[in-house]
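Chain naming follows the written order as A, B, C and D, and within any one chain the residues start at number 1.
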């Protein structure tokens, strides 16, 4: 650099100067920002405690991004959310990425919102209403001004081992199991979170419930013994239903069985692209 | 303070000056220091990857402790350990507290060593040898120049629900379970870690194993169905055996059952003092 | 047992029979139940995603508790909460313990509610409004029909090392730090959560903020350099303010400094009983 | 299926029968198996406590894999390891995958070994010897009978903010930071773990040390102030050195700065393929 160029560099904010190593950064931003969120659907408000990651790319000729603009974009949309109505996490994510575009240049932006969703269920025999918790994670990606989404749900159920049911003649080991179902698709694909969670719950030997009276507990146990499943069966049954959603994009399934006869876990994964 | 007193203060190391708030600190030191450890028992070396906390008390007239002396005390004993032979974590802990006493004044010192212990087991039917992992945590406390110890072991087993076994006529829900057994006693009480772990494993519907061939798996399932246990039974059976160790001190038991029919856990705790 | 006694036992629910080991259980119940909660204060609703533990004691002559009644007590109060107004977590906890007393015998009951509280703050220079997250944990204990409470807050700030500020002449290492402040007191003591959190934030070299514009960032850095603090200073400053709350009960303080020059942490603890 | 076909199916082990959903499983196996490992290099033994995942693929015409054969393959190689000498985790991984091939059919196999590596360092001024811990993760993949490796190291250092150093005239916020460096390459590429860790440590404002005497602490602080770095600089400096290793494969870098002025983290990622 000439002396003049160097002087000009010094006049810029530290972030806007040339970096020593001239390389594009793929993702830079903030992780683990916690905030409250509100969604409004058909007049009903839902409240969430969420953790947000927000990343953009950075060209090779800038030393750093202006991080506070990322936080400001989240804050403005979230506080505006109390006045306007957003029906979904996807809309919220797109709004934040749009707001950020006004404040900071980027060609790829990605927001991830991790939170807990509660859904109403009925117990299988006494038909009681229970609220069940599900970890969810919604990502919105802006790539060359097109939006994509990532949806990830985790559901807790159980597996009853088909092999042991045969070899011990009607007895079997059972255990808590978890399905982690992720899809990535263009933003316009209609894939409700509730449906992804239902797909997971239908894939276990039985779903699980927060409250179970004695007849319900017996009902769950009977259902487990009617549906013995390896962790492979859980992943395949989940995949079959996910394929039936008929969207373009990709799907990742991870079934984990917290074995009751071992200290380690059994895991089964399927990944596919639907074109 | 007079001007002279203040000048004298400035000549001291920052840590040795008077604090603004004159209060005794109960425990101050380092947490999460990771190191490799070696024990030698009857000519056999055992190697461990451990995480250490080391705390001392601080009188009301000192601003701070000299933290590097804590780390040095650990390092000296641990590296010396490669030349000398220590047979137990308790000896190692006492050595470190003794070494620290030479370097730093304290009236109460406490070291905690968290690591994984592997023990040999045989599978129940085919009699294969397996190495099973257990989380352990050994504490040594020096109080007015007397030593005490805390021993904590965690073992993984399972519970088979006795209530569901009756109501569903021979079927039952089963799940992974964990026992967390802690004892605190004068240092001289002879209580081998291996015995505490065995007590835990005997308290479940069945222990768990890393490798199980088909006949072993059937054996474990049969054993679970012979020993249906609530999480309350697991805690009580663990307590009964711990009491039989006949030591002076206290015991804390926490049994956790990772329910296969619920998303939450069932827990049972017993705490007692033996005098 | 005589044959008649045994027959009578078989007629009872499994839980109500005599256990093999006749020992009181100190705490038995459920842990990690997740639910949504609402509080209403002066017409303002606040929404929380919470994780609940609920434990009771069990006499030596019963094999087990009826776990579903614990979940039902939570569900009834929480869903009723949407119609009635509860102003605090303490009230919610007392209600659940009262509801449980109608369904299940116990002499000691304990509920713990873990959640995230958001509080409004202003940035130090540009005076922007930000929402800051705090992990809190509220316990309510019923002991011989008297209520006690446990309040625990965690706040994130920083420490600037006073020793290094001197030895490197105006330069110093700085790091993220955390205060964990717990109090236990009779239920009637007035100790607002917000005040406990403020006490923590006042104890660091500086509090932390979610959004900081350049002048705010400079303001925080200047404040850190004006308030160099060892982790011992943080614990003592927190204690001094907690003592000024003038309640009867006990206090536990744990300050942790995630050292930027080490891989391990520095920790300082103070515990006191106020009578 | 005809009746004869069905009868033939029943004669097979449960795992070997046709699944209801005929889909290939990409990865199925065990996760979180804990074991002790030994490596021998130039006559020096190193001992590790490791956690292992072992996965294979499964064709669409088999219901399940025989999980116990995975555990047996690990056990045989690990116990044989006490007699034979393996110099690296890669060799150990290849041996386990070869052993498994004798016991179970697969076209893709993948083993992951997570453990802690200790390396010797000298403090910057007093030149003391310290043992520093690093989380590492070694993967070996067998794909169509060719071996590939994944190497992942995590190192803890710090960042000193260049922007705040300018705006507050020689003062700055500092914080603990972490680099997560992953490479994937053909097995024959020579890339020592120690070198990957050194690359990470050279990328921070300063490395961190377990023990630091007062002159060392001053030395580290001086070094941090000489090397102010954004999290973007850390990722780029790490990338520049990784590129100089001149291997064919891909690299993923994630730098995380645990901000001392915020409650959230700053993150920067670079991913590249070297051909």
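Just so it is clear, contacts are C-beta pairs under 8 Å (C-beta built on N, C-alpha and C of every residue); 3 or more make two chains touch, one makes a residue touch a chain.
In this text the structure is predicted, and so the values were computed from the model without any measurement.
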Which chain pair shares more contacting C-beta pairs: A-D, or A-C? A-D
Report same or different for the subunit C and subunit D interface, where same means the shared residue numbers exceed half of all residue numbers found there. same
Per the centroid of Cα atoms for each chain, what is the distance between subunit C and subunit D, given in Å? 36
So, what's the distance in Å between the C-alpha centres of subunit D and subunit A? 24
Roughly how many whole angstrom separate the Cα centroids of subunit A and subunit C? 28
Check: subunit D positions touching at least 2 other chains come out as 33-34, 133, 163, 210, 212, 214, 217, 262-264
Touching subunit B in the complex: which residues of subunit C? 13-15, 19-21, 23-34, 53, 55, 58, 63-65, 67, 162-163, 166, 230-233, 235-237, 239-240, 256, 262-271
Could you please specify the touching residues of subunit B with respect to subunit D in the complex? 33-36, 47-49, 68, 71-72, 75, 115-116, 118, 130-131, 133, 210-214
Tell me, which parts of subunit D touch subunit C in their complex? 132-133, 156, 158, 163-164, 167-168, 170-176, 206, 208-210, 212, 214, 217-218, 220-222, 224-225, 258-264
